[in-house]
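A short worksheet on the structure shown next.
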Amino acid sequence: MSWFDESLMARKGVAGGKALDHRTLTEAEQGEYPYIYTAGIAPVMTIDPGTVIAAETHDAFEGAITSESDVPTEILNFPFLNPQNGPICINGAERGDTVAVYIESIVPRGPQPRGTTVIMPEFGGLVPTADTALLTQALPEVVRKLEVTAEEGTKWNDRITLPYEPFIGTIGVAPMAEAISSLVPDYYGGNMDLPDVAPGAVVYLPVQTDGAFLFLGDCHAAQGDGELCGVAIEHPTVTTVRVDLIKNWTIRTPRLENEKFYMTVGSSRPMEDAARGAYRELIRWMVADMGFDEIDAYMLLTQCGRVRLGNMVDPKYSVGASVLKSIVGIAR
Amino acid sequence: MSWFDESLMARKGVAGGKALDHRTLTEAEQGEYPYIYTAGIAPVMTIDPGTVIAAETHDAFEGAITSESDVPTEILNFPFLNPQNGPICINGAERGDTVAVYIESIVPRGPQPRGTTVIMPEFGGLVPTADTALLTQALPEVVRKLEVTAEEGTKWNDRITLPYEPFIGTIGVAPMAEAISSLVPDYYGGNMDLPDVAPGAVVYLPVQTDGAFLFLGDCHAAQGDGELCGVAIEHPTVTTVRVDLIKNWTIRTPRLENEKFYMTVGSSRPMEDAARGAYRELIRWMVADMGFDEIDAYMLLTQCGRVRLGNMVDPKYSVGASVLKSIVGIAR
Amino acid sequence: MSWFDESLMARKGVAGGKALDHRTLTEAEQGEYPYIYTAGIAPVMTIDPGTVIAAETHDAFEGAITSESDVPTEILNFPFLNPQNGPICINGAERGDTVAVYIESIVPRGPQPRGTTVIMPEFGGLVPTADTALLTQALPEVVRKLEVTAEEGTKWNDRITLPYEPFIGTIGVAPMAEAISSLVPDYYGGNMDLPDVAPGAVVYLPVQTDGAFLFLGDCHAAQGDGELCGVAIEHPTVTTVRVDLIKNWTIRTPRLENEKFYMTVGSSRPMEDAARGAYRELIRWMVADMGFDEIDAYMLLTQCGRVRLGNMVDPKYSVGASVLKSIVGIAR
Amino acid sequence: MSWFDESLMARKGVAGGKALDHRTLTEAEQGEYPYIYTAGIAPVMTIDPGTVIAAETHDAFEGAITSESDVPTEILNFPFLNPQNGPICINGAERGDTVAVYIESIVPRGPQPRGTTVIMPEFGGLVPTADTALLTQALPEVVRKLEVTAEEGTKWNDRITLPYEPFIGTIGVAPMAEAISSLVPDYYGGNMDLPDVAPGAVVYLPVQTDGAFLFLGDCHAAQGDGELCGVAIEHPTVTTVRVDLIKNWTIRTPRLENEKFYMTVGSSRPMEDAARGAYRELIRWMVADMGFDEIDAYMLLTQCGRVRLGNMVDPKYSVGASVLKSIVGIAR
């Protein structure tokens, strides 16, 4: 029995975590890629729980940056960045339920050099931005185009090759009532840029509206903690996810489970508030499903909780807090 | 000549700041009050620059809290709070233009006690919230219903009466591409909760979409700096504003002008980022329209800039930075 | 009867707020000016409650910047900035007591141009610093030397003259156990840079050690909210204060009282924590001495509290929260 | 050849990273344990570079909490917490040099149950504190006394045992001019509570004063990222460190090296400022000693930098930013 058989997705999903149907979502099938998380646009697909979807994702610039001589501010049209696949509606999903997404694989696609990273004005963790608004001059705009393969990884230069460690930068469901840019992470998921959202993990997302309206995109070939300059190794992919639905399991913010740990994700500013939110939800989870009382969970996480910084560059910062299954056991 | 004749609204507005037409926006004319700032809903009214609108605003709870024995969490349906009048479309308004709104008057309306303030869980500046997520228990829910008149102000108790110092808590235009809750303040205005947005002031708002889609509501009979517990003296009003349009004057974030000063508004987290954003824009304004170079403006504001804390409770904090006209003269 | 007769200093001070003795603290009497708040150095003076002291203060650079062609980073020796007068020991002061300092007057002294402001690398509210550590280049160093008189104020340029609105930028007692740079504000006072610490106000400081060890310096001829570039109009003065002692009145952080209002000061980061600290202490004060219960004070300050931003540039930000005496009455 | 032979300590240290002398620092030899980082107290020991010291450390409460029925606020005397061994003076150390400390081993000592963790009012990451000052009531005080051994780890309860993963919570040199509580982390080290400061790592500390004045203490038997409730598994130990001196290598803030990575440590508030500071220094290190230009280092860390959250509970938050040696090679 694999760990997945004991996952909450496998044990509580309407489809038991199983792959009952397979669908593709090619560029042609997607058509226009939305830039907004909303239940206000028509779904590109409606599925039953237990459906596997192989989606052709674009990079965060929808492929617009093709050369190192490109000037991002001349090419890009903020906020029309970070194109998403979807929305995908899930039959039976209602507010108060949870969508479970098992990430089966991420495979790079498209012509080389298919990896892109850039430095842009007013964006990044170590430069002035619209939020941290200062008077000092921006860094020069820089574009790097990089060869990326699943086997070799990302060739940074003659000296350095980074292993291919892909993940989904942006995944979530439509927010309640609002329509929010895919550059933003929040309680419904979105642009968390958290490297643990990787093949082999299950992401849990809190359904806000009938059908859930699942979006995903912005896959990264590699990313450090914090996504420091704001742009990871962006690349187009075929991303394959298995989608299930857990009825009547209500969570407030995204959660994640893999072979090793349970994780909750907080997105807020300042960064300590993102960390607080993540840890508080992890305590709630431990109390609800792992047999701890609140004070005991609080004190135990003090000794063994782990923090992963997703992004320190987006409109909200994202932090994952996790605890090892080897310590807390398997959630009910 | 009054100061208003030298305002940017009077000198640059399409209508010269004049009242050329008068309209009402009663409850009946408004119909449903929206909770979202978006260009995606039909305007309740389309006007020419130079129109005066007398709008019947609801309080932030749309009148749902009528008694001190009400329990807010049983009555309110988050995020359907903070109902707005509008959207009002303005003929000729295009992205890159600025809407100018001169606040002529705010008059309380509705049956007494018409003022409401409450303490709710997870909301307020001195309690744990969804962002500052802690383990300690919420304060008890409390409702205060208060008599409010323009003449006497707000009768807090036998000992204390607060003067009637009304302002518009939430005013703005539709954001670019998104649809955002009226609880949020940001670059397009929204829920700034800044007491200077009061009768006698001109608010300048950056147009994002054709027609601008102006919203306003959430009038307060009194509010301290920061709106500490999250809920000012909320009350229904007739709010009368004169709307003009400044073509080709592009601002990034809301600005304000009154007899005494020029102000810019920053909304962000943490609070220092809100203050930075406000001051940086004020420097840009001084450089563009008041004859300063950047370093001189920076050093001068160090000696005479003023900061007004709008809110320390909303999804973003709002700070106004201002400089006296008696020091910098009249903007070109 | 003046408001001062009803001040806590006058009603609770060992000397009844009266001027019973007069002392000078000239440059010669001071000798070396300390840069550290500590009970570990010998007092320059020991006084009884009721003593008035006329102190010759230096500017924040101890007069080292004399010309606009000076280069601050070549002249200044961080952290040996912000020289203080003191320490002054107060007979009878013990931990748990409060020192009351009534600011009688501040008069500029020294040869013209006696005012100084500068832009330095890694210091200021709109530039990268050691805390907000970014990659963008510093602004150029700039020195402004300015004529300052009590009558005319500060002559900024031919067009602008700023009124003389002097205050004490740095005042406090020795911290508990530690020895902290005079650049830092904290629970014992220090470099709050709060313009309300001005002639006509009483500052209350929490005694940490026997004798209290009072320090003061860093007087400003003018300063805007936040002290934006980090350096106000620094100038040498004769600052005259009347010092009294309130036995067994224990406060946690500095407080202030003047004719109009009661204020508490919070120093922390991020800025919302400074505001929270100030408001929480103001509520405690209202509960202890003004007859409010906690919830009522919280809700009332929501409607009428005022926030003054001291600094947004020092190692901790300082915020004053206040409430008008006309609303809450006179504290017991 | 081990990795240590290629460490900066081995290659640049005055003693070549070698153990040339062995000393003990027993409780008796230490005598009084200081609570303040300062060059103002007499050293307990003066050593040459190349000295190994086996120090008997106390737990953070100096052993005062002995039973789960103890009430921390009745026993502890804030700020007299976190007792340190030292100061240890190092011959030849001058401002601008760097002290290198190789952590050879940490071994628990003292009678069982020797591990202690507590919940105290106004302290911790998910409760109101003196900085994040709120109105909600504190959690109940709780004491946990736990058996700790090097072999078995910490026995949390019948179900959970945490592995023994000891590290030094507090280590640093005397600050410049000031005397700071051992509860504070900052540019000179101090209470970073960073789990990577563990056996097998070299810590680099920036010398501020002649002799350096090295302090250490506060060893933890286990700690999660952020030290959530503020108190890890505190325990007394014998901690053995090898101390060397690198002349004329000037660093601004603590650095760390182990077999796998190079790390820099930032301590500040809000947490994003701690992360910014850590990453900026890591870029400086990569530029100075690893052959990168600044932009390249910034972009590369975006793809592979790692962040470790030390504490989110101390007066400043501590964050480590690191990069793998397998990616950047060996620093010169």
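Miscellaneous remarks
By written order: A, B, C and D. Residues from 1 in each chain.
Note that in this section contacts are C-beta pairs under 8 Å (C-beta built on N, C-alpha and C of every residue); 3 or more make two chains touch, one makes a residue touch a chain.
Which protein is which chain? UniProt says A, B, C, D = Acetamidase/formamidase family protein.
All values derive from a computational prediction rather than experimental measurement.
Common partners of chain A and chain B, by the touch rule above, are C, D. Taking the CA centroid of chain B as reference, the farthest chain centroid is that of D.
As a whole-number value, the distance joining the C-alpha centres of chain B and chain C reads 33 Å.
We define each chain's centre as the mean of its Cα atoms; on that basis chain C and chain D are separated by 34 Å.
Between the CA-based centres of chain A and chain C the separation comes to 48 Å, rounded to the whole angstrom. For chain D, the set of residues that touch two or more other chains comprises 126, 132-135, 139, 269-270, 276, 279-280, 283, 298. On the side of chain C, the complex with chain B involves touching residues 117, 119, 124-126, 139-140, 142, 144, 154, 156, 159-160, 162, 222-233, 269-272, 275-276, 279-280, 283, 295, 298-307, 309, 312, 317, 321, 327-329. If you check the complex, the residues on chain D that touch chain B are 126-128, 132-139, 270. Those residues of chain C whose C-beta lies close enough to touch chain D in the complex are 35-36, 38, 40, 79-80, 130-135, 176-181, 187, 252, 266, 268-270, 273, 276-277, 279-281, 283, 294, 298.
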